[in-house]
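After this come two complexes, each holding chain A, first together with chain B and then together with chain C.
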Partner chain A sequence: MEMKATEQNRRRFFDYLFTLFIVVSLNFALPRLMPGDPFLYLSGDHGEEIARFSTDQIDAYRHQYGLDKPWPAQYAASLFALLRGDLGYSIYYNKEVSTILLNRLPWTLLLVLSAVFFSTVIGCLLGSLSASFRGKALDRLLYPLMIAVAEIPAFLLGLMLLFFLAAGLRLFPLSGAMTHFAGTAGFWHTFVDIAHHAFLPVLTLTMVRTGAMYLLARNAMTTVLARDYVRTARAKGLSTARILARHSLRNAMVPIVTRVFLSLGGLVGGAILVENVFAYPGLGRLMRESVLVHDYPMIQGIFLLVTGAVLSANFLADCIYRRLDPRIGLSTEVQP
Partner chain B sequence: MTTKRLLLFSLLLFLVAACDREPSERPKAQDSTQKCGAAPLVIRLEGGDWGYPSPFAHYPRGPGGFKMALIFDSLLERDEKGLIPWLAEDYTIQENGLVYRFKIRKNVRWQDGKPLTPEDVAFSFKYADRHAATWSYIHESVQEVSADGDTVMVRLKEPLALMLDSLGRTRIIPKHIWEKVERPKEFTTPEATIGCGPYLLTEYSKEHGTYRFQANKDYWGPKPRIDSIEFVPVSEPILAYENGELDMIAVTPDLLPRFTADPANKIVRNPAFWGYRLLLNQKDLELLRDVRVRRALVYAINRSELVEKIERGAGVPGSLGILPPDHIMAVGDIRQYPFDPAAARTLLEEAGLHATGGEALRLLPSGEKVSMELLCSGQEVRMAELLRQWLAEVGIEITIRSVDGKTRDDRVRRQAYQLAIIGHGGWGGDAGYLVSHLVGDVFTQDASPSASGTAGLVNPELLGLLVQQNVEVDPEKRRQLIGEIQRKAAELVPEIPLYYTAGRTMYRPAKYDGWINMFDHHSLQHSKLSYLERTGPAAIRR
Partner chain C sequence: MNGLEMTYPATRRSLPLWHMLSGSGKLALLILLLMAGVALAAPLLCRHSHRIASGPALAAPSLVHPMGTDELGVDLWAQIAYGARISLLVGAATALLAGVGGAAVGIVSGYQGGLADRLTMRLIDILLVLPDLPVMIVLAAFFGPSVTTIIVVLAAFSWTATARIIRSRVLILKERRYIKAAELYGAGTLYLLRRHFLPEIFPLAAVGMIRLAGRAIVAEAGLSFLGLGDPTSRSWGLIMHHALSFKGIYYTDFWKWWLVFPWLALTLVVTSLALLGRDLEKLADPRIGRS
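Now for the complex of A and B:
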């Protein structure tokens, strides 16, 4: 039994490694398959200036960034660099890819983690309430309301909040992640400032995500609440709150945990629309822009990060599943 | 249980934090009018990351270069009318345009206190020739540069009229900092932004897209009028302007009525120097080699309506002389092409493309229908649709091929298209760009927007004129040649400029009213003179 578990863990580890390798290779190849290259600028966006380079200068830059070497050589070089933990140097942004990512990651993390957290808590809470009052007035009010909110596109919701709460009532700042050029402020002041700026983006993301969480929780709870052991608990005379919290929620947790980790995996891309609406310095905008300008090392770096996020979210989900429901770990072992 | 309480508490905290701020903390819009001895004048403009503002590290696209130009001066500057002496007090052009001599201003200091010498200027040219500076176009043209006394001499490999502009715009960098730098594009330490210009960079954040510039107290030239310029991230510029968080924004036509009535706002139409061209590939499509067919295309396309429908009026219809009407060298007496489908039909008939038996489409003599593929990027699909409709009315079938921007650029560069729509800026620049516009594939090794044009144009007379103006250093003679080229181009229709955009810019004159447009550019906030007193070398010219 012990042996089997290690064997299985090792297999799983190699599975992850193999997936990572495939993704890294795709990350290398896909940007280079796009037509054009990082130094080709013929057209500009509306009203935008573009600097010109001669073909000689472009060749010099291609040489500097190693883009003149054949693909296999570039591929090998990028793999070796990656093994050393070097993500390369961004052609467009003129900085190490890892530094750019590290400077932006906290902002995206702040938005997405808070949104996932709040939407999960609120969704589960309302979902459980709805399930336990199924068919009653509360449920009949919540159900359509949550579906309606979940169906509003994130950017539209963001714009509405921006218009009414930030521009109209002036409760929140219009854009950005913090107040700039305000001079040095204490830790507490900075903290409040950042929370103040993050409020609307987080609210938008939370509102958009809560609906799905609510439906999931409601479904799971409804199933669980119909089980015999819940009826037993009721028969014992336990309060509704206790039945929900101690006897049902944990059993209804598995699909919810899956959803939470799926959301975490989609960390980078998830907030892109909201980041755009609020001019928030996250990774989503960076991803979009680096694809537009064909910044190969940057694209590779971001997608590697995305891959890492998805894989580790999967891995964590795997582990937590087994703790939540010991049968999951066992079930594979029962197989002949 | 404790975790739940903690959670509830933090949520509450968040709400309190969100609500306890008073709107009074916001920057005020109206009350900071600059009076003598009043509070420092701070101007806030729309930010966004356009790269570290050194001459080599700002991004090749977008307005990063104009931020860089606040820190770095060049030999010549631009005012409303043309080039003006700046770091060069004076210049002469000798040996039929082969030699340029610039007399370098004295008593100029770098922002680190060291003096600027002619040696620095010579170094800057050599450096820009060796490394691709994003805004210097002197590459491959310079034979020799030397500093002698207070003069810098530049000898070209061959005369080139637009070199005055190119040399004049090249940023002058301190030798003592850059001589050790081998990879200038990656040199982004604070030293990289030491220039001799009117502003110092005091803050820059890549991820937030913020820049802060502070007036250089020791500036050699006209005094900076604005104490600090702050570029901040903006979600909705209009809302930010109304809230007083921004001092200047672009206004779209549909929002104009909301602001025109209020005298606190001043609205200015930008010169139309950003345009869309319809490229005609004569190499690929034999049909297009017939000038009657090309003229028919112009008659069939309603360029004024393009401006109305796509830009809602904020633009100027394309001129077949290629230079936009706002260009300082544009001439008016060129062949005009009003929207006239009947004239288009007549021309196509003359060219032997007939529509038989009530068919909508015309046929080639070989019996095939007249059909062309129109390449555009996703952003120009609406425009392409309009062109398709208009051309269908005169019997030409258009298939629209919409791809992403880079793919379109790539195919245009490889001349793998029949018709293509491409949009770019720089139409206000030195008229020498006509060479690469018209015969770019023959002449330049340039991968620039304008060098993307007009595959397969063969016309000895036009070619002759283009070569002549290329080496003509007498401004008046050159002006005449450029005029002649525009007339010729309007006759030959090598390409069809569709329209030039002319947006509106709005600001509050009560706060600051020093904004001007450079003669060759469309943005008030990009002009260095917008931030300076109009005295000395920057004095207003009559």
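Now for the complex of A and C:
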């Protein structure tokens, strides 16, 4: 199984490209697999009184939307549109799909990236602590607690936080990403307002991910701490903090970094639901709104963006994994 | 779960399941059985209909309506009791479909090897990197929400974990000497499967199915919560969806029963499944518990 890293990367790249191709094809095929015909029940334009279209009119519309061409041509046309960044036109919002996506994307990114950051830092910290005090009181307390936390689904946890902290104690706002019509009270004020609104969703996503990160960090650290060079370091009289920071954490980073990227898929799913719990105006909220008003181009646009992002993150994880640990051959699978 | 050695002390297997569970596992099993009982006996346990209004709208919990009523005056306890049927049906059906299917795929690709194995592993790799919730949302949005669609889509996405675990187990098993010996004595594939593979694989598949059931129930609740549930049958997620769609629900007291009770039911079932799964996992692979 000796293969050069670049060759492996290329092979994985084609794997991901193929997956992306499946996603795009699914996106193309779904509306065409739906029962019915888009022009059968087409209503007239404003002011027109048309109960039913004539065959000529339907053909004209079919031609206008390019639906009279054979499907390979339609498929090629949709691929080219996609390459130009044209995701179609939203029926409900009456705007370009890509414009709306760009408006909503920053909010989702804010939630997901903060959650990734905090859960990684807290998870690694607690995991390292647990590993170095293995079997002691701290470890015996943390381990079952974290396992329990790792099992709770994100949106149920979000609802609980909403009940207690927002609806019950009124500590946090119930919905939205910032106060409306707050005016321009200065940069600092806006920042605090946004952080106040994002706190509960970020807390929810962070708590859900921390359990998994903790277990991973604890495992990785335990393995590293049992190595000979750590024993040597301890024998030299180095402090625990120094051993953890300089000798162990760096070697335990490989699985952790990979996991951070691989976990994005699940985190995005969690974010979609959590945004709806807190009525947070990101992509997940947009997805629910579009589903409720049957805005199909919008749903497809979100779907493409989200899956594309998750696939890229996974591909990055693969590359980083190989770079950090050159021993890993193609035969070894990356554990999700 | 890559199980290199899985030797049971002889006594371990002869004990009934109940005595092997830990305290939390027993509690979880009891809660699940209770929920199943509520689901089955829903018509006997509810005084009011779960479809027709039977009191004032948005009434607080009282003796007449133990969990209050929703915005149409429909009894919430009845809705939750009947909702248990949907959650448990989705969980059980998905787990069965994906568990049996995944186990079958795992056995075939592990035992046969070759092209079939390579193709399945490629397919699994592809399915693993696809984020499942967005795909489910899109499929449910286009094909219309129904319990069947949800079960099929969930199963199509969740058989992979079981298949991988079973495959690696089969790969190890088929190199064992007693299997080789049996093969030399002329044991057919079906005989090997029944006598040697299935008994070893069954605990793994069972644990996998418990996990699958939990994930499926959460996924169904999530989809219904987004408004993609089957509108003809009120599941717990759909009750929460309606409650959250009610404008300004948090400025009233309504959420204290309308949202909290379906949330509680869902959390109880999901946590119980997780606890039970963890216990069974330890039993199927004793090394896990001793970390």
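Simple rule for what comes next: the second predicted complex is superposed on the first by the 233 of 336 C-alpha atoms of A that agree within 3 Å, B and C clash if a C-alpha of one lies under 4 Å from a C-alpha of the other, contacts with A are read in each partner's own complex, and residues count from 1 in each chain.
Here is the rule we use: a residue touches a chain if its C-beta (ideal position, glycine included) is under 8 Å from a C-beta of that chain, and two chains touch if they have at least 3 such contacts.
Bear in mind that the values here come from a model prediction, so they are computed numbers and not experimental data.
Asks: Looking at A:Thr55 after the superposition, I want to know if it touches chain B, chain C, both of them or none. Which is it: first, second, both, neither?
Replies: So A:Thr55 only meets chain B here.
Asks: So in the superposed three-chain picture, is A:Tyr89 touching just chain B, just chain C, both, or none of them (first/second/both/neither)?
Replies: A:Tyr89: touches chain B, not chain C.
Asks: Under the stated touch criterion, which partner chain does A:Leu292 make contact with: chain B (first), chain C (second), both, or neither?
Replies: both
Asks: If we overlay the two complexes on their shared chain A, which of chain B and chain C does A:Met160 touch? Say first, second, both or neither.
Replies: Once the two structures are laid over each other on A, A:Met160 reaches chain C alone.
Asks: So, does A:Asp228 touch the first partner chain B, the second partner chain C, both, or neither?
Replies: Touch status of A:Asp228: no partner.
Asks: Pick one for A:Leu174: touches chain B only (first), chain C only (second), both, or neither.
Replies: Both partners, chain B and chain C.
Asks: Would you mind listing the overlap between the chain B footprint and the chain C footprint on chain A?
Replies: Shared contact residues on chain A: 34, 159, 162-163, 166-167, 174, 277, 292, 294.
Asks: Can you check the complex and tell me which residues of chain B touch chain A?
Replies: 7, 11, 13-14, 17-19, 21, 23, 26, 48-49, 51-52, 57, 59-63, 65-66, 132, 134-135, 137, 139-140, 183, 185-186, 188, 203, 205-210, 212, 230, 232-236, 239-240, 242-243, 245, 250, 274, 377, 403, 405-413, 422-426, 445-449, 451-452, 501, 503, 522-523
Asks: Residue numbers of chain A touching chain C in their complex, please.
Replies: Spelled out, the residues of chain A in touch with chain C are 15-16, 18-19, 22-23, 26-27, 30-31, 33-34, 147, 151-153, 155-156, 159-160, 162-163, 166-167, 174, 219, 265-266, 268-269, 272-273, 276-277, 287-288, 291-292, 294, 296, 299-300, 302-303, 306-307, 310-311, 314, 333, 336.
Asks: Using the touch definition from the top, list the residues of chain A that touch chain B in their complex.
Replies: 34-36, 39-58, 60-61, 64, 89, 92-95, 100, 103-104, 107, 118, 121, 159, 162-163, 166-167, 170-172, 174-178, 180-181, 192, 195-196, 199, 277-279, 281, 292-294
Asks: Touching residues of chain C toward chain A in the complex: what are they?
Replies: Against chain A, the touching part of chain C is residues 122, 125-126, 128-135, 137-139, 141-143, 218, 221-222, 225-228, 240, 244, 250, 255, 259-260, 263, 266-267, 270-271, 274-275, 278, 291.
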